[in-house]
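So, here come the structures, one by one.
Next, two complexes with chain A in common: one pairs it with chain B, the other with chain C.
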Partner chain A sequence: MLLDVRNLSVEYVTPKGPAYAVNDVSFSLKKGGRLGLVGESGSGKSTTVLALMRLLRGGRIEADGIDLDGRELTGLSDPAYRKLRFADMAMVPQGAMSSLNPVLRISEQMGDIFDDHGVRHGRSERRAILGDLLERVGLSANVQDRYPHELSGGMKQRVCIAMAIALGPDLILADEPTSALDVMVQKQVLATLGRVQRELGAGILLIGHDMALMAHFVDDLGVMYAGRLVETGPVRRLFAKPRHPYTKMLIDSLPSFERRGTFKGIPGVGPSLLTQLEGCPFHPRCPMATDICRSKRPDPRPVDAEEPRHLAACHLAEELS
Partner chain B sequence: MTSTIEARNVDVVFSSGLGGRVRKTALQDLSLTVGGESPSITAVVGESGSGKTTLTRLLLGFQPATSGEVMYNCRAMSSLSPNEVKAFRRDVQAIFQDPFEVFNPFYRVEHPLVTPLRTFGLAQSKAEAIHLIEQAMETVGLRPQETIGKHPHQLSGGQRQRIMIARALALRPSVIIADEPVSMVDASLRSTILELLWKLNREQGIALIYVTHDLTTAYQVAETILVLYGGQVMEIGSAEDVIHRPRHPYTRALIEAVPSPDPDIPWNLGDGSDTGEVSNMPDQGCAFATRCPHVMEKCRAQRPPLFDTDPLRASACWMDERTETTTAAEIQRRAATARTVAAE
Partner chain C sequence: MYFDYVLRRFLVMLLVIFLAVTINFALPRMMPGDPIESQLSQLLAQGGGSVGDVGAMVAAYREKFGLDQPVLHQYFNYWGALFRLDLGFSLASYPERVGAAILAGLPWTLGLLGFATLVSFTVGTLLGGLIAWPKASRLWRGPGAVVLLLSSVPYFLIGMVLLYFFAVVWRIFPAGGGLPYGTSPSFDWATVKGILWHGTLPAASIILAETGAWAVGMRGMLVSTLGEDHIALAEAKGLKDKRIFRRYGMRSAMLPQLTKLALTLGHIVSGAILVEVIFSYPGIGFRLYQAIQAKDYFVVQGIVVFLSISLALATFILDLIYPLIDPRISARRRG
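Take a look at the complex of A and B:
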């Protein structure tokens, strides 16, 4: 296993009491594998990634274990974690537009990664290495002489991918890397991300809200709701036989070129993170909810006789047709 | 009969630099109608830089045409009197992309609804305004007693966007221009909001322009789809024709870029080597020529007009060259006639 996360929780202290952003999330990712996490805003998917990178501001992280390639990360000191970022796991941030420093040339920001990890190069050697990285993500080598404002959104996102792979990490965490891009650019950037990930042999954890895109990119998918993983498993199994009503409703709500004038939304809004709802967090919006759903919280359990890795946290998983 | 906005051969050119020497064409020779006898939903689909936002601003009267004319009920928009402009402002409503930025955080959420009702004299008293607001909120699926009196930060993005739709509705418009109304709303709520827009058209006869970058939602709600690229209309036609029988190479590329919700239908992701983007727009010829896989000599030299290729569709591509040319507005008129005939 490349990454094994056991019971990760993140809690924020707010004036109104603790906010439970992530609750007991467990998942694993094998070497070179692709795992997706989907969910609506506030479901805790970005918080999960930031907690793994230890880049959260103010949140309190608790976990029974975060194992990266045989190394336990929970007790690691902050300086050790700093060494880990980029070298062992790197993040492609959401909105590359705002994550590049506008007053530094691309070469300077990319060079920082090497400098910070004590990798020294001669001037022309550094230039060649950066040029090579940029070419691997489909940009020309002299993009390193430009400033971020001279690049388009898609180009900036490619620069961020180049930065993420600079030190050859084993794990890439990509937080909605394409959601701010145009459809055609989105496809190109995603293809690039997939290619460099394959070349590197790295595992990738992709965060997103677009189920259709996930269906074509990841091997395994986790569906998050109100800070909890409500269903996980191989992506094709999830699409063919969703075992949580929320997953099923998300799939049904996808627009397609097959249907006109039919709409299947999910009524209601997600619960407030300030209160721990009794029972299943989805029950107020669930069309199938019964008494047990309102009183007892379901834990993730195997729901598929043919696929032991397919888990769902629903009392009524077997009744879902 | 509802009101009509019609753009006739509109160019919008932005000038900058010393003496306006740097010129950027945002819209080129655009003709389009909204409203009229048979109010429908027209989707305008385009990527960033395609001129979508300029088109929205043009139809809302915020952006003057450099050449050509925008007509409101057969009168040139530029010649409307202040009173007529005020009537236009009530009759034509907008819904914008970002449900977070449109609210002033210091006011309660009903403030942007009460103010226009009073301004346009639709409510004589605050109580009457609140009554109208409650009606509008119920139409968009919000519970008024749980919504009125709250501040914007207490509501979700989907709820705020519904308030903005309620605001538009409360003024009893005949035309709504919706600029990316669901792109910042969660996937689970998108369908609900699109359904709402669809119902406004079907049940209240409001004509809609739905501006989006998302072909699938365009197909879901619209009768007519107009594909915009680099300020030029690439293709316009019935949703069925444009999506299932696309003619223009750009439309085809857009459709291929959309992943199917079925994981078993392959989405040819490739390896990301095609890095073409809208950045290099040619000064002459077809705007898509720099990225088109079928580009010919002629495409770079001369801009193709909208060729009249099918009864309910037109394509601006030299590969579809015909003797007859047409305009987007004409295709929309034919679609309206076809709908009327079908209804009878």
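Take a look at the complex of A and C:
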């Protein structure tokens, strides 16, 4: 197993009391595997990724265990964590347009990664290595002499991908890497990300809110709601037989050629993170909710006889068709 | 591309200088009254006694200063003189030339304000950065708070307080002047010591007052820079804190500070008139103050032209180095 996260929680201290951004999230990812996390804004997807990188500002992280390549990360010191970033666990950021420093050349921003992880190169060797990285993500080698403002959004995001693979990490965390790009470029960039990930043999955790884009990319999918993982499983199983009403409603809200008519949305809004709702966090919006949903919180459990990895946190999973 | 940009900036500078000189030429001539007549009538009122033919004297002086010629002619003469670096005579202390008066004051002002500005810029920028950087030692907040507090006190007030305690009560430093009374500058140790001795209080009052302003500016810029996505990615890359602070934080946040520095340096010639007045410091500011009091139009005019040109030059130099520190500038001009 490449990554094994057990009961990860993130709590923010706010003037109105603690805000629970992520609650008891557990998932795992095998070597070279692709896991996607979807959910609406505020569902805790990005917070989960930032917690794994230990880059949260102000949030308190609690976990029974975060295991990366057989190494337990929860007790790791901050300096050790710094060395781990990008070397073992890299990140492709969300805002490609603003993630590069405007006054530094691409070569400087990529070179820093090597310098601060103790990798030394001669001048021409460094140029060759950076050029090679850029070519691997479909850019020309001399992009390294450019400044960010001279590149398009798609090119910037490719630079970010090139940076993420610079040190050959085992795990790439991609936080909505394409949401700032237009649809055509989205697909190309995602394809590039997939290709380099495969070449590298790294596992990837992809965050997104676009179920359709996700379905084409990942092996496994996790659906988050109100800081909780409500359903996980192989993406095909999940799409064919969703076992959580929220997942089902998400899939039903996708446009399709077969179904015509008005789009079905999900009525209501997500709950406030400041209060821990009693029972299932989805029950106020759930059309199937019963008494037990309002009183007892469901834990993720196997819901598919043919697929033991398919878990859903719903009392009524079996009744869903 | 860079040449185009430089040429454009250069033309802008010439335009600014042209306008400044023209306005400076026109303004005094648009004022009611006649400088020669008022100067003469003042002399006559003071001297009383033998009153000759005032009209003839005025005409004689007009001719001498070229004021009897048509305005356009005067204007071209003015430019011609300016190109020969001739700013005319001082009215109050004739036959001293205006150029000589400026040159005599310039080194004092440049030395005092150049030093004080660079020190307060360096200390203030660094301190402001360290206050804003969450991973810096909290010990910096002490001096940080002190300079922030002092920055809200006007520098001439600080100057007067310093003057009172250090020159009047404790008598550690001299109360005024640029050199010990009765000495003239020469290249020896005594002169250097005298200059430092007399410069300490004026410099200290400027530094104490200005450091806070630099620190406030830097803190604000760095706080907003640190909130940007590229800082988050720099952290995610596993870069060392020092590098994130210097290269990703300070370097980006510095740009407005550098603009301010260049503008301030352009202004230093006129920057601290009040400090120079309080300490009777023999710089340009003090001379300008004296000239205004004496209604010495030519000196005032000369100093103003000199200040405008030095400011235009400073801005031009800043424009030249700006593309080197912020690559986005030249590109924007190109488009």
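Following the convention adopted for this analysis, the second predicted complex is superposed on the first by the 316 of 321 C-alpha atoms of A that agree within 3 Å, B and C clash if a C-alpha of one lies under 4 Å from a C-alpha of the other, contacts with A are read in each partner's own complex, and residues count from 1 in each chain.
By our rule, contacts are C-beta pairs under 8 Å (C-beta built on N, C-alpha and C of every residue); 3 or more make two chains touch, one makes a residue touch a chain.
Given the structure is predicted, the values throughout are model-derived calculations rather than measurements.
Undergrad: Evaluate whether chain B and chain C can sit on chain A together after superposition, giving fit or clash.
TA: Once chain A is superposed (C-alpha atoms), there is room for both chain B and chain C without a clash.
Undergrad: When the two structures are overlaid on chain A, which partner does A:116 contact: first (chain B), second (chain C), both, or neither?
TA: A:116: touches chain C, not chain B.
Undergrad: Taking the superposition on A as described, I'd like to know which of chain B and chain C A:103 touches: first, second, both or neither.
TA: Second partner only, chain C.
Undergrad: May I ask you to decide whether A:163 touches chain B, chain C, both, or neither, giving the answer as first, second, both or neither?
TA: A:163: touches chain C, not chain B.
Undergrad: Which partner does A:86 contact after superposing on A: first (chain B), second (chain C), both, neither?
TA: Second partner only, chain C.
Undergrad: More residues of chain A in touch with chain C or with chain B?
TA: Tallying touched residues of chain A, the top partner is B.
Undergrad: Please work out whether A:139 is in contact with chain B alone, chain C alone, both, or neither, and reply first, second, both or neither.
TA: first
Undergrad: Between chain B (first) and chain C (second), which does A:301 come into contact with in this model arrangement: first, second, both, or neither?
TA: A:301: touches no partner chain.
Undergrad: Quick one: is A:211 in contact with chain B, with chain C, with both, or with neither? Answer first, second, both or neither.
TA: In the superposed model, A:211 contacts chain B only, not chain C.
Undergrad: Could you tell me the angle at the CA centre of chain A between the CA centres of chain B and chain C, given to the nearest 10 degrees?
TA: After fitting both complexes on chain A, the angle is 70 degrees.
Undergrad: Between chain B and chain C, what is the tightest CA to CA spacing in Å in the combined model?
TA: 6
Undergrad: So in the complex, which bits of chain A are touching chain C?
TA: 53, 55, 82-87, 90-91, 93-95, 98-105, 108, 112-113, 115-117, 147, 149-150, 160, 163
Undergrad: Note which residues of chain A are touching chain B in the complex, please.
TA: 40-41, 137-139, 152-155, 158, 182-195, 209-213, 215-217, 235-236, 239, 249-251, 253-257, 259-267, 269-270
Undergrad: Mind listing the chain B positions that touch chain A in their complex?
TA: Where chain B meets chain A, its residues are 47-48, 156-159, 186-195, 198, 213-217, 219-221, 239-240, 243-244, 253-255, 257-264, 267, 269-275, 277-279.
Undergrad: Per the contact definition, I'd like the list of chain C residues that touch chain A in the complex.
TA: Residues 228-230, 232-240, 243, 247-248, 251-252, 255, 325-328, 331.
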